[in-house]
């Protein structure tokens, strides 16, 4: 995973992330927006939606975790070579407080990228809070040459 | 968390789990069915749905994890006293293979229940597979006397 | 990771596990014994030792986790081809109760083995308890052809 | 967990952390030093030691994780009321690279402290590296009034 910068402009990388995200039915269904992409960091936004609540009326941890997982996955993807695909190996998510708010910012960033495995951290913030209400540690893998798998 | 059996019939416990699950907007939106409930074990079912896919066309890990989280949460809830509410503290999920299939079984079971924390494991199976394609280890907490929180 | 059985006898696999374990200074220092090995399952034993306690006098979670990590790592190694080396990618450990006892059994088993990643679960039992006091979910990787790395 | 500052000077908090750490047989055996303590952040140091290696001669992941666990645990303890004890509920550790080096810095910091649960992150650095070789996400709990448990 050496110097992807040498092989791809930032514009091409951002387009690659956006194109892959646009193919995630789940992110479209959740109404997720791509707020910002740089190499090693992706920010997504999610709005409160009654279709995705848990039994107490807050956003379901699973919805929050799904978007954090995508934020981490695309942060990893942003530092992978253009021909790689990205898959989640495993993640741990802590729910630090209920997902109470109208709009949520979900930020994934790369901690360290190895040859095939990339470890990321994610944080979720509600409205204008400065402390996260959820934290993720995720392990992503780069895949090459798998038929039917791209992006 | 001693002898909840002494305080509540199995029928009442099952009704309590079902009533709480029915209030999860996210589970309704995902089309999740409650297949089986016993003390310490809950099985849910999910069907393939293009609204919840990732970029390669498989079900999104986030959708699978959300349902596994609910299966584990309700397994924990099934051994809690009737007046408790359940919240997820943290979980780790491993995606062992793509979520490829038409119908998925998601099973949560209690490993050990402490006074407030309950640790569960979850496994997700596709169609008639005998090996899981996803595995979860989850930590749930019992809440008491929180205004606005029940179930 | 297809049919390692075809390529190596059980005796050779057990010898390979034992030889690698014997090179772990940490396991020798902790006084860990290899109790049982079969393909996909390894059991280790640890004794209470004041050199490895935490501040309340129980065995330190880190000592328990280290041995569970080795039990999981060797369970994974037991299903890998003989030329592979094994490394831990990540694990999650839950401490369900204090590590109170004289002798601890630490058991690792393979949940599912992929081409390079192997996911395992570990459980730790004190004395004659039938419920674990610690539970692990671990992701191991097979390495090939890395200079200076074997076993 | 409101305003522990109001109830205890920084000096008293640091003394409380040091006193508890000094009772961990495992940290003494590993030769761990307390480098720095502030509210919500603890730095420990570990030296390479052949007694605690894995099969390839690097420090065992379990030794690194044990010290990261203590760094996180004491970061959590530093924001708890003086009468609380601290226990690890669960942690996830990623081994991003082998623990190759002579001296390791292990830093735990609080992400968010709730009433009883405190979530922390830990990072381990070798020698003068600026990127971590291990990352932890940990959940700690405060205990009150448990006979035989203090610190």
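A, B, C and D label the chains in the order they appear, each numbered from 1.
As a working rule, contacts are C-beta pairs under 8 Å (C-beta built on N, C-alpha and C of every residue); 3 or more make two chains touch, one makes a residue touch a chain.
What you see is a predicted model, and the numbers here were worked out from it, not measured in a lab.
Asker: For the interfaces A-D and C-D, which has the higher count of C-beta pairs in contact?
Answerer: More C-beta contacts join the chains of C-D.
Asker: With centres defined by CA atoms only, which chain is the most remote from subunit C?
Answerer: Here the answer is chain A, farthest from subunit C.
Asker: Taking each chain's centre as the mean position of its Cα atoms, how many Å separate subunit A from subunit C?
Answerer: Computed from C-alpha means, the inter-chain centre distance equals 32 Å.
Asker: Take the average of all CA coordinates in subunit A, do the same for subunit D, and state the distance between these two points in whole angstrom.
Answerer: 28
Asker: Between subunit C and subunit D, what is the gap in Å from one C-alpha centre to the other?
Answerer: Between these chains, centre-to-centre, one finds 23 Å.
Asker: Going by the touch rule set out above, which residues of subunit A reach two or more other chains?
Answerer: Expected reply: 89-90, 92, 94, 119, 139.
Asker: Under the stated contact criterion, what part of subunit B meets subunit D in this complex?
Answerer: 89-90, 92, 116-117, 119, 139, 141
Asker: List the residues on subunit B that touch subunit C in their complex, please.
Answerer: Residues 92, 94, 96-97, 111-112, 114, 119, 121, 131-133, 135-137, 139.
Asker: Which residues of subunit D touch subunit C once you look at their complex with the stated criterion?
Answerer: Going through subunit D, the ones touching subunit C are 20-21, 23-29, 50-56, 60-63, 65-67, 69-70, 85, 87-95, 98, 148-151.
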